[in-house]
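A short write-up of the structure that comes next.
Order of writing sets the chain letters: A, B, C and D. Residues in each chain are counted from 1.
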Amino acid sequence: MKVIAALFSIVLGVVLLVAANDLPIWGDPESPVSVHLSSYFIEHSVEQTSVPNFVTAVLADYRGYDTMFETAVIFCAGITVMTILRRSHRLRKKNVPPRPVREGQDIIICSAARLIVPMMQLFALYVLAHGHHSPGGGFQGGVIFGASFILLALAYDLKTVLSRLKEKTMMLVSGLGVLVYAGIGVLCLFLGGNFLDYSRLASILQVTEIEARSHGILGVEVGVALTVTCIMLSLYADLASGGEMDEGL
Amino acid sequence: MEVNSWVLWQFDVLILLMVLVCAVVALQLRDLVASAISFGAYSFFMCLLWTLMLAVDVAFTEAAVGAGVSTVLFLGTALHIRRRAKD
Amino acid sequence: MIQSQLPILIIVMPLLMALVIFLLGHKNEGLCFYLHVLGMAGLFAAALGILDQVVTSGTAIHYYLGGWPAPYGIELVIDHLNSMVIAMVAAVTLLVAFYSRQTVPAEVPMRTEHEKVPLRVRNYYVLYNLLVAGLLGLTATGDAFNLYVLLEIATLSTYGLLALGRGRAYYATFKYLIMGTIGASFYLLGVGYLFIMTGSLNMADLFTLLDTAFMQQSMSITIAFAMILVGVWVKMAFFPFHGWLPNAYTVASTTSSCLIAPLMTKVSVYVMIRLMFSVFSAQYVFEILGWQKIVVPMAAAAILFGSISALGQKNLKRMLTYIVVAEVGYMVGGAWLGNVNGYTGAVYHILADGMMTLCVFMAIGAVSYKTGDASLESMRGIFRKMPVTSVVFLVGAFAMIGIPPTCGFFSKWYLVTGAYEAGQWLFLGALLASSLINAIIFFRIIETGYFPDFNKAHGHGHHTDKTVVAEAPLSMLVPMVITASSLVLIGLFSKDIINNLIRHSVPPGLF
Amino acid sequence: MADFIQALLGHYNNWAFILLLMIGFYAMIAKNNLIKKVIGMSIFQTAIILFYVSMAVKKNSTIPILDHGHGAVEHAIDVAAYASPLPHVLMLTAIVVGVATLGVALAIIQKIHRTYDTIEEDEIMEIIAQ
């Protein structure tokens, strides 16, 4: 097996080396990648969507359909993990591997976490809201927000976190996030545009079409952030407690 | 080296080496917890590399996801199962 | 207005339905089922609407998401080829939705008797809807990267659906997960090479950009094509990459295998055909590369391997999974024959095989639902106990063998003609041999089912029926009967399907 | 010789990408421990992301964020001054897909461990064969 695997990966490497022969030179500003589509985005994204961060503009508007399914992928993963790992009360006590014993809560870690968590959450909101102008956006903001809960769960324990953010609420919000995204898309349909054509929101928001696109992007980013926050926490809670939702690491 | 004069290529090469080392170490360590931690280091160096390549959004995501959440998920699983790996 | 929005509706409807079921269904599992059937019925209506639209207008429908023009935004392209596949997917999902009424609560492991966990049932339907959204999306899309994302959502929900099976399901699913990720990553890598050479992701745009002498000589493009092919082949379990399929599908629950076995491989075959002819061109694939010399014999090997392995299986479900591997060989081989008849056979077979795989899987599922297992032994005397199910199985078996009024005959006819025209004698031989082997397999089962006393007299006399087996519930019978009759109908109307749909989708360059 | 070194170094991202791809692919197939397989899978995916990201680089360019800030653009945008945004967008999606797959894989591993009490492939095969 090992020999076959090594052989396969060497073949793969050689094939890729051969392919590397006629690739454009690295860093060439005239290469097709830089010229064909990307230049259009760089030139037009500000005038069409008023978002200076090209990546955000392309992610949430030009290719917003991809991003909707990216959110759905995360949602799908959360549900799959939950469904796979959860087990009933009857089987709970059986067949559970011995767990490392937790020796009380460390006061330094707990105090530090108390200090850091609000900062992290504030930063997450900043990243989410400022994604138009700086690196960041719904996904990054959501992960940081989720990570702040994970930090809390690491410092205290999972029960503390789940008593603040009920599991049912968590899953509900994760569904709502995708619904916000798809809902904005469907709203655009009802307003007479194509799916995810944010410029149609102008009539509701009372702004110009270009600004409507910018607001639409913010709206879907919020949806992404909701889903990602909840699913990240739920992934951690399920995996770290083996589906029992009692105790984290 | 006029080829790469617009970035500090020595720095670039160093990070690339670290990425490779971390990848190999993560796969070779027998202790799964240590393996998870060095996978976190791998992700972190990868994110530095992408920052150098001007992909700030991607690097940001990788720092949050790869070095942060993925590592914790690996740790969570590694502590639930037999920690020693055979290879 | 709704007419022009149909292309997106077929994708967003299951996605929204997944969320609605998720948000409303945690109290009442019956509600999940009704919502689900409602959504699938709407979906089927929309799919028929789009099929009608394509046939009457005679041209492809382009739908620009976000209102952005084609190479910059993502577009959906629905033409004669994929409107047929969409209709097939929608029909299969609707039929399985009815079928799932009894099987899902019975088979999704509930773990407890005293404490009901309807969450699993709800989650099952959510994943089901996400799978349908992914499959329809990747069928309708006209963007190479978007296809990757939707492929991932389809496979991710497949992992969830398969892992809800029993016992060995987890290890089999893990194997599938590793193989599936390799496949998807290879696809992504191939798209990366196309992207670095052309700078585009839109399929129509790629087609024009690749149509130059420089691109056709380029090693990178060749390797991109190879990567994409390998990726898609892993996903469809084409012969050397088929290892994950039999294990994963055998241990899956009845509904999951009824849903995934007909759809996943066929949609992957569609993806291969779409990429071969809409991104690359027939001229590039068959004349410049000329890989049909390798791929068609590989397909022949897949057919022979699948059929012969199926012959040796005791478990009926496992046997069917090997037949699925063989059927993939039919379609890949047909598409690579490089002539109109082969192409027609392959595309027609996507439709026919989707329905006939569904038919036999549903029949075997009904038997195992009633008798508790899916071995050859469980079929003993089944004709007397479950007459309708056995007739359905019989029709499915006839279609698999390729007996005339059923659709299996016509696809084989075109494939055989195509193989003859292309001079691919090995493939031709494999097709005929596989029909023969299928006949042996199915007549063996039919014999067991029809003449229960024949073997009893020879040593099995002590075998008594512990359980009185009656006919399957109506919620399973109705979709089974519809599927079986559709097999005959697709066969009888094969001329119309081919003339109105498939002939219009024949790519230029085939003769 | 100097040319060769220059070519070698000029494409060092390519080398690293191919090496990582090989490492990840090997680990996915050959490693016995399921967690190691999953780590290999993640390395394989990040290698592909590295490939996409490195194709977006342009000489003497900066990050793909317009530095005019708000409002209308007075003068034409210099395309060559910004790295290509499109590959970055694609890879954001790919990272998300990667972490989703990772979560599902780890959940399945935990379930396998509950069923077989091991996550070594050869031991699982032995148990199944019985």
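Operating definition for what follows: a contact is a pair of C-beta atoms (placed from the backbone, for glycine too) under 8 Å apart; a residue touches a chain by one contact, two chains touch by 3 or more.
Remember, predicted model here, so these are calculated numbers, not experimental data.
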Pair of chains joined by more contacts [C-beta pairs], C-D or A-C: A-C
Averaged-CA centre spacing for the pair chain C and chain A, given as whole angstrom: 31
Centre distance in Å when chain C and chain D are each reduced to the mean of their C-alpha atoms: 30
Computed distance of Cα centres, chain D from chain B, in Å: 10
Rounded Å distance, chain A centre to chain B centre (Cα mean): 19
Interface hub residues of chain D, defined as touching at least two other chains: 10, 13, 19, 21, 23, 25, 54-57, 59, 61, 63-65, 86-88, 92-93, 96-97, 99-101, 103-104, 106, 108-111, 113
Multi-partner residues of chain C (at least 2 other chains): 145, 149, 152, 156, 159-160, 163, 170, 195-196, 201
Residues of chain B engaged with two or more neighbouring chains: 4, 6, 56-57, 61, 65, 69, 73, 76-77, 80-81
All pairs of touching chains, each written as two labels joined by a dash: A-B, A-C, A-D, B-D, C-D
Contact footprint of chain D on chain B as seen in their complex: 1, 3-4, 6, 9, 12-13, 16, 19-20, 23-24, 26-27, 32, 35, 39, 42-43, 46, 49-50, 53-58, 61-62, 65-66, 69-70, 73-74, 76-78, 80-82, 85-87
Of chain A, residues touching chain C in the complex: 15-16, 18-24, 31-38, 40-41, 61-66, 69-70, 72-73, 75-77, 79-80, 82-84, 86-91, 168, 171-172, 175-176, 178-179, 182, 185-186, 189, 192-199
Chain D to chain A touching residues, read off their complex: 10-11, 13-14, 17-19, 21-23, 25-26, 29-30, 54-59, 61, 63-70, 72-73, 76-77, 79-80, 82, 84-89, 92-93, 96-97, 99-101, 103-104, 106-108, 110-111, 113-114
Residues of chain C touching chain D in the complex: 145, 148-149, 152, 156, 159-160, 163, 167-168, 170-171, 173-174, 177-178, 181-182, 185, 188-189, 192, 195-196, 201
Touch list for chain B against partner chain A, complex: 4, 6, 56-57, 59-61, 64-65, 68-69, 72-73, 75-77, 79-81
